[in-house]
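Here is the structure we will look at, set down as structure tokens.
The letters A, B, C and D name the chains in turn, as written, and every chain counts its residues from 1.
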Amino acid sequence: MIKTVDAAMAAKVRDSFARQSLMATFGATLAEVAAGRVVIAAPILDLARQQHGFGHAGLTFTLGDTAAGYAALTLMPLPAEVLTVEMKINLVAPAAGDRLIATGRVVKAGRRLTVVTAEVEAETDGTRRTVALLQGTMLPVEP
Amino acid sequence: MIKTVDAAMAAKVRDSFARQSLMATFGATLAEVAAGRVVIAAPILDLARQQHGFGHAGLTFTLGDTAAGYAALTLMPLPAEVLTVEMKINLVAPAAGDRLIATGRVVKAGRRLTVVTAEVEAETDGTRRTVALLQGTMLPVEP
Amino acid sequence: MIKTVDAAMAAKVRDSFARQSLMATFGATLAEVAAGRVVIAAPILDLARQQHGFGHAGLTFTLGDTAAGYAALTLMPLPAEVLTVEMKINLVAPAAGDRLIATGRVVKAGRRLTVVTAEVEAETDGTRRTVALLQGTMLPVEP
Amino acid sequence: MIKTVDAAMAAKVRDSFARQSLMATFGATLAEVAAGRVVIAAPILDLARQQHGFGHAGLTFTLGDTAAGYAALTLMPLPAEVLTVEMKINLVAPAAGDRLIATGRVVKAGRRLTVVTAEVEAETDGTRRTVALLQGTMLPVEP
């Protein structure tokens, strides 16, 4: 069961996302904003590749980390901001395909720290496969 | 004591680095290539920021991961290529300043896996402070 | 859908588990062995506590790491053994209650490396809550 | 340059260590308590082995995590206690030898969070080699 967020939180996430220039550089868009769950999608642009032509691990990390961060933000009392404390990524397949889809989820929302995970998938002709798994910690900060 | 790499390895690293479009996007340059130690420097460009105007965690991760990967590559027998298996980053300060400097180091070079660390520093007016610490695993792959 | 393992693999896991003296020290038992999924249960013994009387993070880690390792082993061709390459744990609640239950799962079984996760729960009067989340990499080794 | 801690902090660390029953179970002792640096040593007891007779990854983790935690505590204002938020371990060699020596260090002591690393070495006939590297986050808590 996915719970929606209220209008103020939805606006907060979208405004914050829009201020992240790296999201625009990567052509990333917010595909979904629910309570404790945020999805970001992005193509694999020519400007974000590694030496073999696949999407760079840094691209995959960026999308997963950002989706996880905003998932955490949706459960924080406004006016919150969120910072990544630490994040771990396991890369399980090359980032190749039509686009990457990063789904961030909250595992445990705490007063001081929020534990999150993210999965990044590559989509090709409508079929998805897992590219990376992330697990980390988000910190609420005063805006 | 820093050991130099031979000409073939130095060329290998520089060629591979040049094929990573994301390095060019971020304005990153190879500042040093030694045996088990690689340094990458990059400005904090307007295209790589997070919502508060600091360098995005994805930028910091990308530089640290790439420096660590090439540090691992310098100790692998040619013609090797290297892939990130997993990487963990602890972010300890905002990525703000004139430029970021990522230093990757090999902790343990194995036949099957290489354990690496990286430190990313922000330099302002010639003074550096630590922005992030990374620890991860690199895998040699057939080219 | 949980798939069973064949008799040879079930015996392999149980024999290997029985040789781990630390499992006996912690009073741990194999509660379930399925394909890509292994569950280990253990009480929180007086000999495994931290300074506040809760189960030590080392106990929680040990159970999660071992469950994840055996989950990986179930998908490897016999006669395999498995070693932990790296493991990351996020601790989300104190290890308190009647017993701990660690569920290891395979995310991606590869020829060279297997990516795993584990969840450790504390059970009190039949109710469970998450204590820790682990994510890591397992390596098949020749026995 | 290693800075000593004052008598109150030294007593705090030693009292807390003595309350951790798992340290006694593993035969671990506090070998050094300095500002931002704590060393713990332990034999590899028969009760703490994995399936091949080496020290269990859970033993190595426990020693490294505990050394890192107390290193963090030495830089916190009394009366603090410390909890592990998250910890990542890379295992680079089997835990074999006369004893294990875990050295925890503070990378960045913050008001809200402290970033730590630890190295665990195995000592055989006076010679040491690295067994594992840890990197994690510690949280100060009210006692």
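One rule holds in what follows: contacts are C-beta pairs under 8 Å (C-beta built on N, C-alpha and C of every residue); 3 or more make two chains touch, one makes a residue touch a chain.
Just so it is clear, the structure is predicted and the values come from calculations on it, not from any experiment.
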item: Centroid-based (C-alpha) most distant chain relative to chain C; value: B
item: Pair in A-D, C-D or B-C that repeats A-B, with over half of contact pairs matching by residue number; value: C-D
item: Whole-Å gap between the CA centroids of chain A and chain D; value: 33
item: Whole-Å gap separating chain C and chain D, where each centre is the average of the chain's CA atoms; value: 22
item: Between chain C and chain A, distance of the C-alpha-averaged centres to the nearest whole Å; value: 28
item: Junction residues of chain C, two or more chains touched; value: 85-86, 88, 90, 136-137
item: Sites on chain A touched by chain C in the complex; value: 88, 90, 92-93, 107-108, 110, 115, 117, 130, 133, 135-137
item: Residues on chain C engaged by chain D in the complex (per definition of touch); value: 16-17, 19-22, 24-25, 46-52, 56-59, 61-62, 65-66, 81, 83-91
item: Residues of chain B that touch chain C when the two form their complex; value: 85-86, 88, 112-113, 136-137, 139
